[in-house]
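Just dropping this structure here.
Here the chain labels run A, B, C, D, E and F in written order, and each chain numbers its own residues starting at 1.
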Amino acid sequence: MKIGILVNEGPYTHQASDSAYQFAVAALKGGQSVHRVFFYHDGVYNGSSLTDPPRDDRQIVDRWSKLATEHKIDLVVCVAAALRRGIREQNLAPGFRISGLGQLVESGIQADRLVVFGD
Amino acid sequence: MLHTVNKSPFASSTLTQCLNHLAAGAAVLLIEDGVYGATAGTGAGAQIASCLKRFPVYVLGPDLEARGISSNQVVEGVVTVDYTGFVKLVVEHDAVQSWL
Amino acid sequence: MSEGDGETTGVVKKFLFVNRKAPYGTIYALEALEVVLISAAFDQDVSLAFLDDGVYQLVSANNPAGIGMKNFSHTYRALDDYDITKLYVERESLTERGVSEDAFIVPVTVVSRAEMGHIMAAQDVVLSF
Amino acid sequence: MLHTVNKSPFASSTLTQCLNHLAAGAAVLLIEDGVYGATAGTGAGAQIASCLKRFPVYVLGPDLEARGISSNQVVEGVVTVDYTGFVKLVVEHDAVQSWL
Amino acid sequence: MSEGDGETTGVVKKFLFVNRKAPYGTIYALEALEVVLISAAFDQDVSLAFLDDGVYQLVSANNPAGIGMKNFSHTYRALDDYDITKLYVERESLTERGVSEDAFIVPVTVVSRAEMGHIMAAQDVVLSF
Amino acid sequence: MKIGILVNEGPYTHQASDSAYQFAVAALKGGQSVHRVFFYHDGVYNGSSLTDPPRDDRQIVDRWSKLATEHKIDLVVCVAAALRRGIREQNLAPGFRISGLGQLVESGIQADRLVVFGD
C-alpha cells in the first residue's frame, strides 16, 4: 500500500517530525511504500542543511536525508511556505526538493492513505 | 476512519472534540501528548472509557513510555500498539483524520 | 494548470479540509486556504469543514490592518469561482462562541455536530493543519 | 502583576488557569487569540465578567479588530487598549506574566 | 562564569520560571531547563513553578528511548548542585492528572493553587516558554 | 524605563513575533527604551536572512533589522536554539547577533520589565 505523509511542524520544537519519521520507518519495515513526505508550514524547516544539534541528540534533518537515499523516498518542501521561512536551494539538505502544493494534493490522490503529523 | 489525537486533554479541547465526532467504523489512536488522555482515574480517562463502549481506542506505546505512564495506569480496554501497529491501523482503516 | 494533469487524471477522491484554528493568531488558516485553492486544479470532490475556532475564519468583519497583517477573508469568496461550494460549518461551534452565520463572508451550510461526524466519515482524504 | 493571555479559551484551558491564579494587584490583558475570551454571552465571557468584580481586565483593540469583534460584543467593563496602552500597563505593573 | 559578572553584580531579583507544558511533545520544557541552569550563574533568587501539564516534566519513569529522544529528567537532579531548590508544584494540577509527587525525580514543595498565585505575585521577573 | 522582550516563536507561523514588534514600536514611541530583544526556541527563525515572503505581506525579518538600526536595539538570537534550527552567522540577518542564554537572564536583571511573547 502507498502511504503519503504530511509534516506540518519543524524539527525539535514539536514531536510531529519525530512521529512522522518513526511512522515512515515502521511503514517501510512493514513492507508498505512511502509515496511522498510533504513538508508544509514550519515543516519546511526539516529541510534545512544548516541545523547543528547537540551530538548526543537525534539528527533529524540527516536521518530524513538518509531515509530518502536508502529508500528512494520523495521528500518535498513546499516552495511558498519555504520562501516565507528562509529555506531555499542554497540551504536545502540532500534528498529534499522544493516544489509546489500540487505535490501534496497529488499525494492525496495517488497514495492509498495520507497521514498528517502536526501541532 | 482512524482518528489520531496528539494533544493533552488537560490543556486542549481536542480529545473531547474528536470523541464528539466519531461515526460508524471509527477508531481512535492517542499519540504524542495525546497519550495522557489514556490515564485511568482522570476526567479524560472517563471519556475514553465511555468511548470504548462503542469504538476501539488505541494508544502508542513508545509515547506512553516516554512519558513514564505504565500499562497499569492506562484505562482498561485501551490497546497499546507500537509504530508497526500504528501503520497497521492506518492500512486497516479507509482513511485517517488527524485532530491537530 | 499542469499540476492537475498526469497520473492523477480520472481519479476523483473525496477531499476534506478540516479548519479548527482561528485566523491571524497562527498562519494555519491562511496556509490551509492556499492548499484548498491548489486542490481546485485537480478536479477532486472537495469539501471544507469549519468547526471549533475554525468558524472564526469566516467572519466578514475581520480587519487585521492594525496588527500589520493582510486580510485574507476575501479569498474565501474566490472558492466559488473554483467550484468549491461545499462549506460545512458546525452549529454547536457557532453557539458556543456566540457567532452567527449572518456574520460570514460566504454562504455556508450549517450542520449539527452529528452531521459533521458523518461528513468526516465519508471522506477519502482528510487534510488538517 | 500584569497577566497576559494569548490563547482562545474555546481551544485551550489557559484563560481559566490564569484567572485561577490572580492575586492582589493583578490585572489581565487579553491579546492575540486570547481576545476571543472577551466575547459577551459565552462561557469565557462569563468568567471574565466574574473576574471583573475583583480585577481589571483589558483587551488589545487591534487584535479585536483583526478578528472582527466589535466593541458592542465585548463584555461590559473590559477596557480596550491599543499597543500604547499595552506598554502603559507594562510600565504601571511591577512585573508581567505571560500565560503561554 | 563570566556571564554572571559585569553590570548585574549585586542586583538580586526574584526570578520565576513557569512550566506549564508537557515534556517531549514539544521542546519548551527542555529549553526552559537550559535557561534555568544558566540563571544559576547570576546569583539570583530563582524559583520554578510546575503547574498544569508542566507537572509531567518531573515524572521519574520517563523513558523516551522508543521515540528516539534523550531523557532529560536527570537534569532536574542537577538543579540542587546549582543551589536551585525552590521547586513548587501545584496540588490541583497533580490531582486532575492522577499524578503523585511520589513519582517525581526530585523533591518538591507541593502548594495549593491559591499559594501558587501568591508565589507568582511576589516575583520580579517571570519567564514562561 | 528599560523593557526587555523575549520572542519564543518564529515569523509568520505564530503572531508572537508580530505582537512583540508592535509592542516594541509602541514602547519606543512612548519614550521607553527597549533593553534587548532576545529570540529563543523557534524565535531564532526571526533572524534568518533568507526569508522571502510575498511582497504584499509584512517583511518580518527586515523590519526587525530596521528597528535595530534606527533605534540601536540589541537583537540577540540564542546560539543553542539557533544551531538546533539551522540559523548561523552565514544566514543571519543584519542587526541580529548570536549569543548565549546568559543574555536573556541579564536582560531580566538589567531591564525594569521583561515581556514574553510566545505560543
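By definition in this document, contacts are C-beta pairs under 8 Å (C-beta built on N, C-alpha and C of every residue); 3 or more make two chains touch, one makes a residue touch a chain.
What you see is a predicted model; the values in this text were computed from it and never measured.
Participant: Where the contacts of chain E and chain F overlap, which chains show up?
Facilitator: A chain counts here if it touches both chain E and chain F, which gives A, D.
Participant: Both chain B and chain F are touched by which chains?
Facilitator: A, C, D, E
Participant: Quick one: how many steps at least from chain A to chain B, stepping chain to touching chain?
Facilitator: Minimum number of steps from chain A to chain B: 1.
Participant: Go through C-F and A-C and name the pair with more C-beta contacts between its chains.
Facilitator: A-C is joined by more C-beta pairs in contact.
Participant: Among all chains, whose Cα centre is located farthest from the one for chain E?
Facilitator: When every chain centre is compared against chain E, the largest gap points to C.
Participant: Give a one-word verdict, same or different, on whether chain A and chain F use largely identical residue numbers at their interface, taking over half shared as same.
Facilitator: Result for this pair: same.
Participant: Centroid from C-alpha atoms only, then distance chain C to chain D, rounded to Å. What do you get?
Facilitator: Taking the mean C-alpha position of each chain, the two centres sit 28 Å apart.
Participant: Could you tell me the distance, in whole angstrom, between the mean C-alpha positions of chain D and chain F?
Facilitator: Centre separation, chain D to chain F: 24 Å.
Participant: How many angstrom between the C-alpha centroids of chain D and chain B?
Facilitator: Taking the mean C-alpha position of each chain, the two centres sit 33 Å apart.
Participant: By the touch rule stated above, which residues of chain B touch at least two different other chains?
Facilitator: Residue numbers touching two or more other chains: 6, 10-11, 13, 32-33, 62, 82, 95-96, 98, 100.
Participant: Check each residue of chain A and list the ones that touch at least two other chains.
Facilitator: Expected reply: 8, 12-13, 15, 19, 22, 41, 57, 114, 116, 118.
Participant: So which stretches of chain C touch two or more other chains?
Facilitator: 20, 24-27, 52, 67, 69, 125-126, 128-129
Participant: Please list, in label order, each pair of chains that touches.
Facilitator: A-B, A-C, A-E, A-F, B-C, B-D, B-E, C-D, C-F, D-E, D-F, E-F
Participant: Touching residues of chain C toward chain B in the complex: what are they?
Facilitator: Residues in contact with chain B: 18, 20, 51-52, 113, 116-118, 120-121, 123-126, 128-129.
Participant: Touching chain F in the complex: which residues of chain A?
Facilitator: These residues of chain A touch chain F: 10-13, 41-42, 45, 48-54, 57, 61, 83-88, 90-91.
Participant: Considering the complex alone, what residue numbers of chain D touch chain E?
Facilitator: 1, 13, 17, 20-26, 94-100
Participant: Which bits of chain A are touching chain C when the two form their complex?
Facilitator: Spelled out, the residues of chain A in touch with chain C are 6, 8, 40-41, 80-81, 100-102, 104-106, 108-110, 114, 116, 118.
Participant: Inside the complex, what are the residues of chain D that reach chain B?
Facilitator: For this pair, the touching residues of chain D are 10-14.
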